[in-house]
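Two complexes come next, and they have one chain in common, chain A, joined by chain B in the first and chain C in the second.
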Partner chain A sequence: MAGRRRIRWEALSLKLVFGLLAAIALLFLVLPTAVVLLTSLTSSQSLRFPPPGFSLRWYVALLDADQMQRAGLNSLIVAFWTTLLSSICGTAAALAIARSRSPLMRAADLLFMSPLLLPALSFGFAALIFINRLGLSPSVPLLVLGHGIVCVPFVLRTTLASLSQLDASLLEASESLGADRLTTFRRITLPLIGPGIGAGAFLAFMASFDNVPVSLFLADERTEMLPIHLWQQIETNLDVRTAAASGAIVIATLILMLLAERFAGLTRQMH
Partner chain B sequence: MEADSRLVLPLAALFTAFFVAPLVVLLLLSLHGDIAMQGWTLGNYVKFFSDPFSYSILIDTLLLGVKATLVCLLFGYPVAWLCASAGARWQSVLVFLVILPILTSVVVRTFSWIVILGRQGLLNQIVTGLGLSNEPLRLLYTEVGVVMVLAQVQMPLMVLPILTVLSKLDPNLGDASRVLGAGEWRTFFRITLPLSLPGIIAGCILTYAASITAFVTQTLIGGARLIYMPLNIYQQAVGANNWPFAAALSIIFMITVMIVVGVLGAIGRRSEIHGRA
Partner chain C sequence: MTASRSHRVRLDAITHRFGASTAVRDINLDIAGGELVALLGPSGCGKSTLLRIISGFIRQSEGRVLFDDSIADALSPAERGVGIVFQNYALFPHMSVGENVAYGLQAHKWSRERIAKRVAEMLDLVHMGEFAGRKPRELSGGQQQRVALARCLAIDPKVLLLDEPFGALDKNLRLDMQIEVKRLQRQSGITTILVTHDQEEALSMADRIAVMSRGRIEQISTPTGIYDTPQTLFVNEFVGTTNVLRGEFIDGSAVQLEHGVVLPVSPDKIFQQGHAVVVSIRPEQLRFQPAPSDGVFTAIITTVLPLGAQVVYDVALTGGPSLKVAEPRDAEGELREVGATVYLAPASPAACHVFPAS
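Now for the complex of A and B:
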C-alpha cells in the first residue's frame, strides 16, 4: 500500500509542478494583451494601471491623429504587397522543393529559411548599402522586396508542411483520369494545401505589418511606418493615444486570428 | 530541368538579387576603410577584437540569449506538456493563447511591458502592496527585465516544436514504464524528456536566435545603457555613420549566430538518431 501511495503522490506532484509552471507562463502570455486593452480604455490623461475609470475618448482622439493614420495606411499597403509577393513566390518554391530530393533543392530550402534565424537588422543594413551602391535610394517597392525576404519563410514553412501531408495517390488518380497538370493543381493540390498557404500568408502579413529592423533602413523619409511611429511615440512623449492605437492593433489582430483559425485552421498549422 | 523544379526560380531570383548580393556587399564593405571601398583592410575586425568594450557587447548578447532561452524552456515545456495532454478543443484554445504574443505587434507588446514593469507599474504595485518590498523594484532598463520580456515574447517559438514532438509520442511507452514500477518523475526524466529532445533543441535554436537579434525588445526594455549587438550595429551605422565598422559588426554577429545554430542543430540531429534507435 505504501508503494501505491508513493506512486499516486508522485503522479500528483508532477502534475502540480508542471501545472503551476504552465499556469504562470499562460498568465504572462496573456497579461500584456489584457493590460494594453484595459489601459487604452482609460478615462484619465496618464497611463496609470489600473485605470481610474473607463471611456472611449482616446479611441475618438485617434480619429484626429493624421500622422498616425498615414503611418498605419503605409504599413497596410506594404504588408499587402509583401503578402502577395511572398505567397506567390513561396508557394511556387514550396511545390518545387517538396517534390524534389536533390541536394540543390535542400540548399535552396536552407537559404530561403535563413532570414528567420539571421539578424534582420543586419539584413536591413546590408540591403541599404546594396541599393546605395546601385545608386538607388530607399523607396516603397524596395521596402516590399526587403519585407518579402524576411516574410517568405512563414509561407514556405506552412505550405511545405501541408504538402508533406498531401496523398500522392490523389494526384496519380487525377492524372490517370486524364486531367492535365494544371487542372490537377487547380482542382486537387490547391484546395488541399490552401489552408497551409492561407496560414502562411496570414503570418507573413502580420510579420510585415510589424517589421521594424528592415523598415528602419529601407523606408524613405516621407514614408513613415506604423511600428516605427509608435516606437518614437513611446520613447518621446508617452501619451494615451499610443495606448489606444495599440489597443486598436490588438483588437484587429484578435479578429484576424479568429478568422485565420476559422478558415485556415491556424492553430493546427502552427505545430 | 523538370517543369516542377522551375517553380523555384522566382524565389531563387529574388533571394539572389536582394539577399545574397546585399550580404556579399556587406562582407566586402567590412573589408574596407571607407564607403568608397578603396584599399583592402582588416582594420575593422582588428578594431573589434582589440577593444574589450566591443567584444564584451557580443559576449553579453550571447549570454542574454542563453538566459532567455533557459527561462523559456523552464516555462515553455510545461505549457507544451499541458497542450499535448489537453483534448482537441482545449488544445486549440491553448495554442491560440500561446501564439497570441508573437502575432501582436512587437512595439505594442513592449509598450505593454513598460506599463507592467515601470516604477509605478502593475508588478511593483503588487509587490509593494503585498509588502514583499518597501522600495519599488527596478525592472525596466535592467537585464532581468529584458530576460523576462524576451522569454514571454519568444515563448511560442519554444512551445510549438516541443508540442509537435510530444503529440507524436507513443503513450504506450509511458504506460509501459509505469507498469514496470517507475514513478511519474522517473518516467518523465527517463522516457518523455529524452524522446522530446529533438523538439527541445528545435525550440532552443529558434528562441535563441530570436532573443539575441530582438532589436526592438532589447532597446525599449533595456534602455540606452544596456547595449547588445543589434543596437550596437544600429548606433555605428546610423548614429556614428561608420558603415564599414557596422558592416564588420554585422558579419561577426551573423557568423556567431550561424555557429551557435549549427552546433545546436548538430546536437539535435544526433539526439534524433538516438531517439529512433
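Now for the complex of A and C:
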C-alpha cells in the first residue's frame, strides 16, 4: 500500500512540474508573440498595447518600406547561403564523427559544437578582429562564413541523431548486393538521414535569419540585416512597421514549421 | 530461377582476434558444393564472427578463406558473390518490396526490362508476387524474410549466408519458413551456411552441423551423428537434453558412480583407472526395469510431464541427483504416479557417453 501511494505521489509531482513548465513556457513564449501580433494589427499611429482598433495598414505600409525590405532580403540571402554551407559541412562532419570511434573525432565533435556554448557576441567580436588582422573587411561571404560557424551545430546534432538510428546492416546489405560506396551513400544513407539533415537545415536557417551578435560585427554598412534594422527602428522612432515585420516573420515561421512537421516530422528528428 | 552451379567453400586454419581476445581459433571447415552447413553454438561462441569472415565484412587475423579453391581473402562481399540474409532482414525501409529486390540487379547494371522480369520471377518464387508495391513496414516478419531471401537470391550468389534468419519469427511460422528455405536451397543447389543458436533448427535443416564453443569447433558431423555420438560433453549438453552423472573410471567397461551404482559402459576412449569422469545418458535412453539389480538405479518419481507423444518423468535417485526419463506414451496405458519407486537402467552400454570430468 505504502509503495503504491509513493508511486502515485511521484506521478503527481511529475505532472505538476511538467504542468508548471508548460505554463511558464506559454506565459513567456506564446504570450509575447500574441502581443506582438495584436500590436501589429493596430489602427493607431504608435506602438501601443492593447491597440485602440484593428487594421492591416501597417502590413500594407511594409510594402513601401524600402530599407526594411532591403534588410529583409539581405537576411534571406545570408540565411540561404548559411543554410547551404552548414548543411554540407554539418552532414560531412556528422558522417565522419559517426563512423569513427577515435577520441580525436570526439574532440572534433566538441569543437563543432562549441559555437553553441560560447557566447556568440565574443565569437563575433573575435571574428571581426581576426578578419581585420588578415587585412579583410566585412562582406557578405564573410558574414555567411560567420553565420555558418554558429549554425553548423544544429545540422550536426540532428544528422548525428539520424545516423545513430541508421542500421549498419542496411549498409552491409547494400554492399553485399554489389553497390559501391557512392551508390550506397546516394541510395541508402542519404534518403534515410535526409529528414535529419532537413530538420537541421531548418533550424540553421532560422538561427541565421534572426542572428544578431555575429551580424552586429561582421555586417558592413551596405549590408544591413533585418534583426539589427528592426532593433534600430524601435530604438529611434518606435516605428509600428517593426511590429508588422515581426508579425510577418512569426506567421512565416509558423507556416514553415507546420510544413516541415507535415513532410519531414521535424520534432521527430530532434531527439 | 537459373540453376546456380554449386560452389565449394573452405576455411583453412582461421583465427581472428579482436584486440586481446580471440573470437575464433584455428577453424578448419570444408563445405562441399550444394551443402547446407549449420554453425551452431551459444551467443558469443564466435559463429557470427566466422560468418562475417566468410562473407568478407571482416578480414581474419590468420588463415585463409577459399571459394572453389581460389583464395578469397582480399575480395569484398560482392566480389566473393555471397548472398546474405541478415538477422533483422535489413530491408531498405524507404523502398518498396520490388525496389528492394531490384536493388542488387541495378547495382549489377542490368537492363530495365531484365530487372522487371527477374524481380517478378523472384517474388513469385517466394510467393510474394502481390506485394511488390508494399513497403517493408507493411509486411509481417515472415513476409519480410521472404523478401530478404528474394533480394539476395536475385543476384544469383555463389554462397547463401543466413545469420539467425528465423530468430524473430514465432514458432509455427518458423517451421514453415525453415521448410521453405530448405526447399529453395535444394531446388537451387546453392551452398548455404546457416548461423543459429537453435539446436532444433540446426538438426532439422542442416546436412552437417559444426557445433561451436568459445571460438572453436567442438564437432562437425551430421545431425544424427551430433545427437547420437557427441564427442565432447559440451556438444552432448548443448544439443538435446541429457543427464550428467559424476563418477570414477574402473576399467574399460565400467564406471563407479558417486552414489554407488556401477554402470557398464563402452567408451571410445579408455581412461586410467580411478580417473574422474562424467557419464551422460539421454532421457530417452533410460528404461524402466521391473526390479532392482546390478547397474540399475533406484529412484522416486517427483514430477510427471505428459508432453503429448512422450512422458517425461523427473526422478530423484536415492542419495543422489535427479534424472530426467522420457518414455513413449501409450494411449491406453496409465501414467506412472508421483511418489512411486522405480528402477532404471540405460538402454545399452553404448547409450552411456563417458567424458573426462573438467
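Here is the rule we go by: the second predicted complex is superposed on the first by the 245 of 271 C-alpha atoms of A that agree within 3 Å, B and C clash if a C-alpha of one lies under 4 Å from a C-alpha of the other, contacts with A are read in each partner's own complex, and residues count from 1 in each chain.
Rule of thumb we're sticking to: contacts are C-beta pairs under 8 Å (C-beta built on N, C-alpha and C of every residue); 3 or more make two chains touch, one makes a residue touch a chain.
Everything numeric here is computed off the predicted structure, so don't read it as measured data.
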Partner chain(s) touched by A:D239 [first = chain B, second = chain C, both, neither]: neither
Touching partner for A:P227 - first (chain B), second (chain C), both, neither: first
Partner, of chain C and chain B, that touches more residues belonging to chain A: B
Which superposed partner A:I149 touches (first chain B, second chain C, both, neither): first
Complex interface listing, chain C residues touching chain A: 55, 57, 76-78, 82-84, 86-88, 90, 92-94, 103-104, 107-108, 151-152, 155
Chain B residues within the chain A interface of the complex: 3-8, 10-12, 14-15, 18-23, 25-26, 29, 74-79, 81-82, 91-92, 94-101, 103-116, 120-122, 125, 152, 155-156, 160-161, 163-164, 167, 178, 183-185, 188, 205-206, 209, 212-213, 215-216, 220, 229-230, 233-234, 237, 243, 246-247, 250, 253-254, 257-258, 261
Contacting residues of chain A [partner chain C, same complex]: 167, 169-170, 172-180, 183, 187-188, 191-192
List of chain A residues in touch with chain B within their complex: 6-7, 10-11, 13-14, 17-19, 21-22, 24-26, 28-33, 35-36, 39, 47-50, 85, 88-90, 92-93, 95-97, 99-100, 102, 105, 108, 111-112, 115-123, 125-127, 129-130, 133, 145-146, 148-149, 152, 181, 203, 206, 209-210, 212-213, 216, 227, 230-231, 234-235, 238, 242-243, 246, 249-250, 253-254, 257, 261, 266-268, 270-271
